[in-house]
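Following this line, the structures themselves.
In the two complexes below, chain A is the common chain; its partner is chain B in one and chain C in the other.
After this line comes the complex of A and B, so read on.
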């Protein structure tokens, strides 16, 4: 099975490499319209209305969302990883199992930004978007817990579940009408009084979860289940974007009644997201970020932890997500820094005189060591 | 317990003396050249550095393009417990906040208003500190068992230091318990001071007033 999967991914990559026009019958996306305006090394603007619609303010890294607020526009650089994701998304098909991509790279090289660009790309192609800001929220930032009534031993997380549903609702307004025309497969009996009958629109599940937080965790599972089924039937294409996805196999801070920490496999939401990542469904793309904040100690300033997928996902997680396409994010090249420098000068963002000189341009490049995060930080106060 | 001891040993406790010995023997070590343009030129024939050792470059003297005397001094003044890195981050973030505020105002302004808005945070910070320079200082002088607060004239570098110290104390007083942050208050204070407003300017005027009131003690000088 595994080698078979590898062969498939090899082929998928080759397919993605050359231009591929598909004449598929009825997708949510009528045409892959956004592909024409994506060009590597160019600056692309995301309209503020779209950024608001996709709630990018909370999903982007904080310096960039601050920048969005200050400059009044969201302009990002299209880089190689984004091109690779776009070409992979182009080959996604009803006959192929969900394509799994793992973004990995050193700190500050643009994993999250690329993920957000991919979400925007999915939006322009009218895909359904399941976007998780950080999987670490599900394991380490659990405010309240409830024991599941559906599976004994499972732990529900009402506040995060409601947040997931609300975020799903906000980000999918562009396909909301189509989602309303897709129907549930079976009866869902949430509690003694609440139920969703067979043949109801799946948006009802979402509304149910938002209004009744104690049912939200189960609603998330049902929603994902229905999404997978409808994707398999070719009624929609879905992008699952999970930031810090390796945290789904990491540590948790949720305590059980006997005061031991619950493993992540006991958390309902984690289980549901894992099922979404499993490629037993078709017509979708799963984009994950392997981030070292799961394993790195924030107070340890000397130790350098690895940032490769195997080290971050751990053996269990790696077994689960295999086979996948690793996509590495790297530091800027000189031409990329020049593009950004020119943009900052054009926008009058580089305010000090010394930064606008040739010497300043060179120093910015080398002081940041071509790292996108530090480059932005240096430009922020100059 | 051991960590507590280690902390105690790490930080300088009360020290009122200057260091008597140095890792650099003054007979064989000379100051390094910090300016890049200077560095490209050959040394003079009679320069001692031709045949003596040169001290290592200090971490805050690296020839980066944003090197600025006032900002560096402000970083040193705001340093607490020897954590200069933290202080640098604070001051640079304050500059960033100033720039963001000014940029937003600039983006909203009309064409002719835009010319009047300064975007460079370094210029604003320098102007703010300059506006806070006091003209006199008060120093205790004991005569006949009574201590009088006597006004003294001060030199430019000391005025600069006192301006920074006043500002730092005000910001520290307000940024307590993690509710408000030093960088935010410092940014507000610098911006206000650059327009001759704010608590630091008030403190300066208060000082001037006390100096004026204590004018009669001036003869206790010397």
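After this line comes the complex of A and C, so read on.
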């Protein structure tokens, strides 16, 4: 399996190199309707109803979700990494192992926004979406813990598990009917009283987890297991989008009984997500973001840390995700800033007189150093 | 009678100092009061200068002894050094500092009339009462004539340099003031005369072809006080060089701010990229830092035209550390490092884009910021802070 993955990794690289010709060809033949609004360097709008359905307000970076509230619409720029992801998602097949993509790049270059665009792309193609806002939530924002009854030594995280299930339910309403027609493979005995019999729809697992938080962590595992199996059978296509995925191999703030920090491999949810990332299943795409917030010191205002996947995933994590396709996000080009500048002027988001002059346009561009995050911040105050 | 007396007395004056007292006494009685005073003053001045010269020589010998130097080694530069060493002065005005120079250089000069063999005053302008200034006026007149003639002869011909047929280039300078001109000519004259001289100069300078008299004109000009020239505090605007490989213009300068020393190279015809110790502009995550770095380009309105390459180091890192201390690695901070780079960038931009020198200077970017971290004091927790006083 691993060699197969490696071969595919190289193929995908080659695909990425020729992505433009490739996309155009596949565009017209495969799914013209769903992808007709994707064009590199153009602005694309995500309907507010869809954004609400996909719960993008919590998944997007906070400045962008605030801007979404203010302007009353969600308009993002389609950039090269998104095109690359779209072309990779197009080749996903029952015969190919789950395709792993790692988005990496400097701070503020649009990793999370690209991830959300990919989720929207999956939504338009009727894929099943497993979207995690931040893997750091699982390791560092654990409010309450329970020891697992299923595997000794594992630590369950009921609140996060319920959140994962609820989010899954909300984001997959477009395929909910399909999920309801997929059945469980075996009996699941959650506790002495609760069980899910073989042949029940897998949506029941989700409902079970949401209503009984102490079972939620195990339900997440079962759900992912069923999803992988049905994907292999070709009943569905799944997109697993994990933000800050390198935190799955980072450090945790969960304390065990002996007051030592538990390694991430002891956390049930982390283990379940790692199994999704492992490409022993087919007909799916795993999209990960390597973010430096796991390793960087938030109080260090001057230091510039490395942001390449090897540094961020660490030896162990890198070996785990290894045959993958790296996709780098970069700063804007001049034409991209101009597109956004025109949009902001049109929306009166750039209100001051000086910002609307030619000199103002240049200054915004250079003061933000062409960085998308800085550019948005500057435009919000001018 | 009067004429004879004048002749005699002027003979006596033409030999000035050598005139013996007895010889002059007999003749002076017969001449006017004014000349009498003049002769007396002249003799007094000669005597005083003799005395001062002797004193200076004695002083020089003493000084040589004190500094244990040979008298021949003690030239004027050595005297200045010795005086600076023996009388250290913290006064800022150079005129207020102690000085030892030959009396001929520093004592006021005595204006001596010159007479010819027959005792007539030399030069016909003696009787104008302002011989020097009228001499200058007539010199200007002669030069005006020659310039006009030169222009008429050579206009249209290829035998002379074309730049010689232009008016003199006097930009960045002005005519010297009346006081300075009086000092230069060592003669007193009225403001009306000064005005006439300036009118004559202006006329000469406005003529086409006056470029050939550029040297003469510039003797009576001084640089304008407002021009930047060499007035900048800190490093001067560097020279523009051309890279042999890429054929792009560039300028390079080294400067510092607080403890950070920066060597900045700005290349023309670039894309507005930054490379500061391997960091790009977006690696400076504070807007303040990016604003500081881009300030010279914003002010000169050349955003996206220059590429900036800079290397920085900490000055105190290069200094020797006390032997019992670990060498402490410091680095420029959030604003000091960009400010050091900004000063270098502004100087280079001024060199590559001279139109922006004035706006850059007015916004203070060409001036070095000399402030330094104040040293902490012994027995105190900091530079100014004191330990809390406590009655035992």
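Criterion: the second predicted complex is superposed on the first by the 356 of 382 C-alpha atoms of A that agree within 3 Å, B and C clash if a C-alpha of one lies under 4 Å from a C-alpha of the other, contacts with A are read in each partner's own complex, and residues count from 1 in each chain.
FYI, a residue touches a chain if its C-beta (ideal position, glycine included) is under 8 Å from a C-beta of that chain, and two chains touch if they have at least 3 such contacts.
Remember, it's a predicted structure, so these values are computed and weren't measured experimentally.
Once the two complexes are laid over each other on the shared chain, residue contacts for A:49 go to neither chain B nor chain C. Shared-chain residue A:62: touches no atom of chain B or chain C. Of the two partner chains placed around the shared chain by superposition, chain C is the only one that A:107 touches, whereas chain B remains out of contact. When the two complexes are overlaid on their common chain A, residue A:70 makes contact with chain B while staying clear of chain C.
By the touch criterion stated above, A:355 is placed in contact with chain B alone, chain C being left untouched. When the shared chain is aligned, chain C comes close enough to touch A:370, but chain B does not.
Legend: residue contacts after superposition of the two complexes on their common chain; A:380 is shown touching chain B, with no touch to chain C. Comparing the two complexes, residues 359, 363, 367 of chain A contact chain B in one case and chain C in the other. Chain A meets chain B in the complex at residues 66, 70-72, 348-349, 351-355, 357, 359-360, 363-364, 367, 380-382. On the chain C side of its complex with chain A, the touching residues are 272, 279-287, 290-291, 294, 297-298, 301, 303-304, 331, 333-334. The residues of chain B lying in touch with chain A in their complex are 64-66, 92-93, 95-96, 99-100, 102-104, 106-107, 119-123. On the side of chain A, the complex with chain C involves touching residues 106-108, 301-302, 304, 331, 359, 362-363, 365-371, 374, 377-378.
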